[in-house]
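This is the structure I have questions about; it appears just below.
Per-chain residue numbering starts at 1, and chain names A, B, C and D are given in the order in which the chains are listed.
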Amino acid sequence: MNKHFENPFIDTIYNGIVRENPTFVMVIGMCPVLAVTTTASNAIGMGLSTTAVLILSNMIIAALRHIIPDGVRMPAYIVIVATFVTVCDFLMEAYTPELYQSLGVYIPLIVVNCIILGRAEAYANKNTVYLSCADGIGMGIGFTIALLIISSVREILGAGEWFGNPIYTASDFFAPIEILIKSPGAFLVLAVLIAAKNKWKWVSDKKMEEDAKKAIRES
Amino acid sequence: MQGLIIIIITAALLDNVVLSQFLGICSFLGVSTKTEVALGMGGAVVFVITIASAVASLLYDFVLAPLSLGYLDTIVFILVIAALVQVVEMFFKKSIPSLYNALGIYLPLITTNCAVLGVALNNVTYGYNFIESVLCGLGTAVGYLVAIVMLAAIRERCEGCEYLESFKGVPMVCICAALMSIAFFGFSGLNI
Amino acid sequence: MQGVEIDVKRILHDTLILFVICIVSGLLLGLAYEITYPITSARKAAEKAATYASMFDGADHFEDHAEVIESSTAVLADAGINATIRDCMFAYDASGNVLGYAYSVVTAGKQAEIVTAVGVQADGTLLGIDILESSETSGLGTKADEPEFKDLFPGRKVSSLKTVKKAASADNEITAISGATVTTNAVVNAVNAALAVSASLN
Amino acid sequence: MIVMAFNFVAVLKATLVVGIVGLLIGIVLGFAGSIFEVKKDEKEEKIRACLPGNNCGGCGYPGCDGCAHAIFLGEAPVNQCPVGGPKVAAEIAKVMGVADVPKTEARKAYVRKSDCVGCTLCEKTCAFDSVHVVNKKATVDLDTCKGCGACAAKCPKKAIDLMDESKARELFAAEPKAAAPAAEPAKAPEAKAAPAGEPQKAYVHKENCVGCTLCQKNCPFDSVHVENRKATVNQETCMGCGVCASKCPKKTIELMDASKAKALADQEAAAAAAAPAVEAVKAEAGKAVEAAKAEAGKAVEAAKAEAGKAAEAVKAEAAKTVEAVKAEAAKTVETVKSEATEAVEAAKVQVAETAAKAEEVVEEAVKEVKMHGRTASARPLQGAPGKKNKREHAKSINQKRV
């Protein structure tokens, strides 16, 4: 869990994915997580577009961090992120219609996503462009993985499909649980996953303790 | 008149900003530890969202629409909301310290809150005029207040009782929110 | 207020920077919009034309009838349907008599507006529908765009449709998509609007 | 490129609008900032600078300002911010100049010999193996100890404190040097014989012990054993470390002074010793009960037999009486039938007479009506028959009856 890598670039990426995973550890940026994870393909779409925007906005803000005075810090960051996202939205709609068809609906959602502004404030305006880029990648991938896990669970249990192709049909043995696809389902799946994470961390701590005890008893 | 009441009720209960539109979840999960804190947060949100909706709809009707720059709505609204929140916070801190201590400390939290921007954009898409968008903003904010105070009360009760150790903290909050969201489904049966 | 003078320099400094940032972003936005707008709108128009053509396969050419849009607001008002007709085209066959009418109707979905294309034959039978623009909740709302929902509509000769939760029994009932009743209602409203206006045209 | 130029006006409009809005906001914020300037304590400002500032509310406080304020007032610990993590906590600690600044003064664990019962739990939990129990007393190896505090947390007697290295070294030096290993055995027994307080022993109250063997599993000295679902503490080997008491789900193990525990244990043992006597007594009582039961059984048998005979006799009589009753009933039925037929004859005769009388009455009424009929038609009918006609009618009926 707390492995450290010498190279700061990889370490920040690992930090974004595992140690400070935006969804499971820091619990920020929850709006899209709950709204979009009805199907795995949506989750991938959302995750990738957020990652792209996060990396680029982190880098721009890191580049401008000395220029933007503290008095107008908040509006400046918001303008940069919003402009960036809206320009992406227009370009994708014009030049890549099919990609826009599947991802288009998430672009306005990204502007509302707290992760981007959160990381800009918490990390990008204090570190170099190089590290901010790493943080963007790490956070983005962490966010996408979290989205993928949540949406897979919801889709498989809720609709009996994965990435749209059906896995099992509703037999008397197990019928898809409809509630998981509806809005409360997202909360439930998230709760169980975070609880599992706590339990896994708790068990691994306990195992470490047991090993220590056993080692001493043998010695 | 009757139409306006419908707008408020639909905004507050039918499609509650947190429990069915899923906006403003970050502060909803984070700040709902104690009921007074939640009440303060809810109060601040009601104050800001109502002003933000009013300013946003004025801006849209008198600046963006005439110049046919509709596509600028997101960026202009965000700019205005951020500035608005900062000014309101400073104004509170200086001139009404008592109110500031109760409400003001939550104001910076609201700038990054998705609900405020969400409501302002919804008002434009539904094509509400000035009065309607202010009331819709008010209704949405009241919905947010109701949801966050109820969750805080439930969480305080949960502190006392015994349950799985790994569920303490965020998982328990999520489960409470899920149950509340199911309960709010009931309102959708209310066809106005 | 003596302290304010010293700050004026700071305020100007901050404002100038913010102004520059906003100018740059405004420029970027404006450029992006102006460049992409013609392309996107051309694509949308082409899409719409294609949908209309697919509905009226026998049609030779289409004519735009803008006057219908004004008259439709009155018709819809008293029919109590809150929808707006964005445009209306008459389909003519080779010999020039009217085959039917094609509308793009805008109704409020759960997240934002939905634009539905509705084809109605001259005698009032519903030819079919297609979703032109919608940003509904993915997974649920987007089901409205799939064939099994859209195929429910063609061939119905009724004055107006109704959404029902359970299986549709009568000819004027459409079963709602589970979990997306708001979206279904939006589409059904759009179809009702088109039917009402067509009736007023005959 | 012509198309580009054509919509240049629109681009200009967009740029100007956003630019002017930005300008206005810059000015408003600037002036508002200076007009509403409120001098915040500079230390709180510095803490706020360390915090990430994304106002996520994860710390439970309303945003980073709230969290900074709480840390500044000392209400919240230095690592209150979950998002910031250890890095931010260290920075804030430096700003606050709080004691737990690791760099300057290494922290070491130190075992207070008097409280330590040598239960070796600290030895087991120490990840750096720098705690060893030397004949019932734990000592910390100050060189290898990292000051992580794991042992202090685990120690049931709370005998381990975390302090600055220098202080720990002083205390260690101050320990009675005679406690050098060579003299250790000599010292150890007295320590045990005349300890400061009486050594504590554990004692299991049998009544609510459910025999879940948790105490047995956790006892470092293996001095608790569960026999037929009841746990007993072996007083000699028990070091009174209290681990079993803390683990017992029924909270039925009590730590008490050795003597008191001994007394209770002895009492219990006596009861156990007495057990066989008790068994015997119980056995006798059992037999007596058996015998009594047997006699009672026989008596019951006899009683049943008599009852049986009596029941026979009763039944026989009952049968006879029943016969008698049946005979009488038959006779009465006969008599009743004959009377009934006579009564019927009489009734028929009567009916015939009344029928004849009824005919006479009818003929009279018809004659009268004919007489009245001539006078009635002369008088015009005025509405419904008034009270007068009713009275006449009633009179006429009376005359007939007389």
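One rule holds for everything that comes next: a residue touches a chain if its C-beta (ideal position, glycine included) is under 8 Å from a C-beta of that chain, and two chains touch if they have at least 3 such contacts.
Predicted model only: the values in this text are computed from it and were never measured.
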item: By mean Cα position, the chain sitting nearest the middle; value: B
item: Between B-C and A-C, the pair with more C-beta contacts; value: A-C
item: Centroid distance [mean C-alpha coordinates] between chain C and chain A, Å; value: 33
item: Distance between the centres, which are taken as Cα means, of chain C and chain B, whole angstrom; value: 29
item: Cα-centroid distance, chain C relative to chain D, in whole angstrom; value: 57
item: Interchain centroid distance [CA atoms averaged], chain A/chain B, Å; value: 23
item: Multi-partner residues of chain C (each touching 2 or more other chains); value: 10-11, 14-15, 17-18, 21-22, 25-26, 29, 33, 35
item: Contacts with 2+ other chains: residues of chain A; value: 27-28, 35, 71-72, 75, 79, 82-83, 86, 90, 108, 114, 117-118, 182
item: Numbers and ranges of chain B residues touching at least 2 other chains; value: 26, 29-30, 71-72, 75, 79, 82-83, 86, 111-112
item: Arrangement of touching chains [line / ring / star / complete / other]; value: complete
item: Complex contacts: residues of chain C adjacent to chain A; value: 10-11, 13-15, 17-18, 21-22, 25, 28-29, 32-33, 35-36, 39-40, 43, 111, 135-140, 178-179
item: Of chain D, residues touching chain B in the complex; value: 13-14, 17-18, 21-22, 25, 28-29, 32-33, 35-38, 54-58, 60, 62-66, 69
item: Touch list for chain B against partner chain A, complex; value: 19-20, 22-26, 29-30, 71, 74-75, 78-79, 82-83, 86, 111-112, 114, 117-118, 121, 164-175, 177-179, 181-182, 185
item: Residues of chain A that touch chain D when the two form their complex; value: 19-20, 25-28, 71-72, 75, 79, 114, 117-119, 121-123, 208-209, 212-213, 216-217, 219
item: Touching residues on chain B, where the partner in the complex is chain C; value: 15, 71-72, 75, 79, 125-126, 188
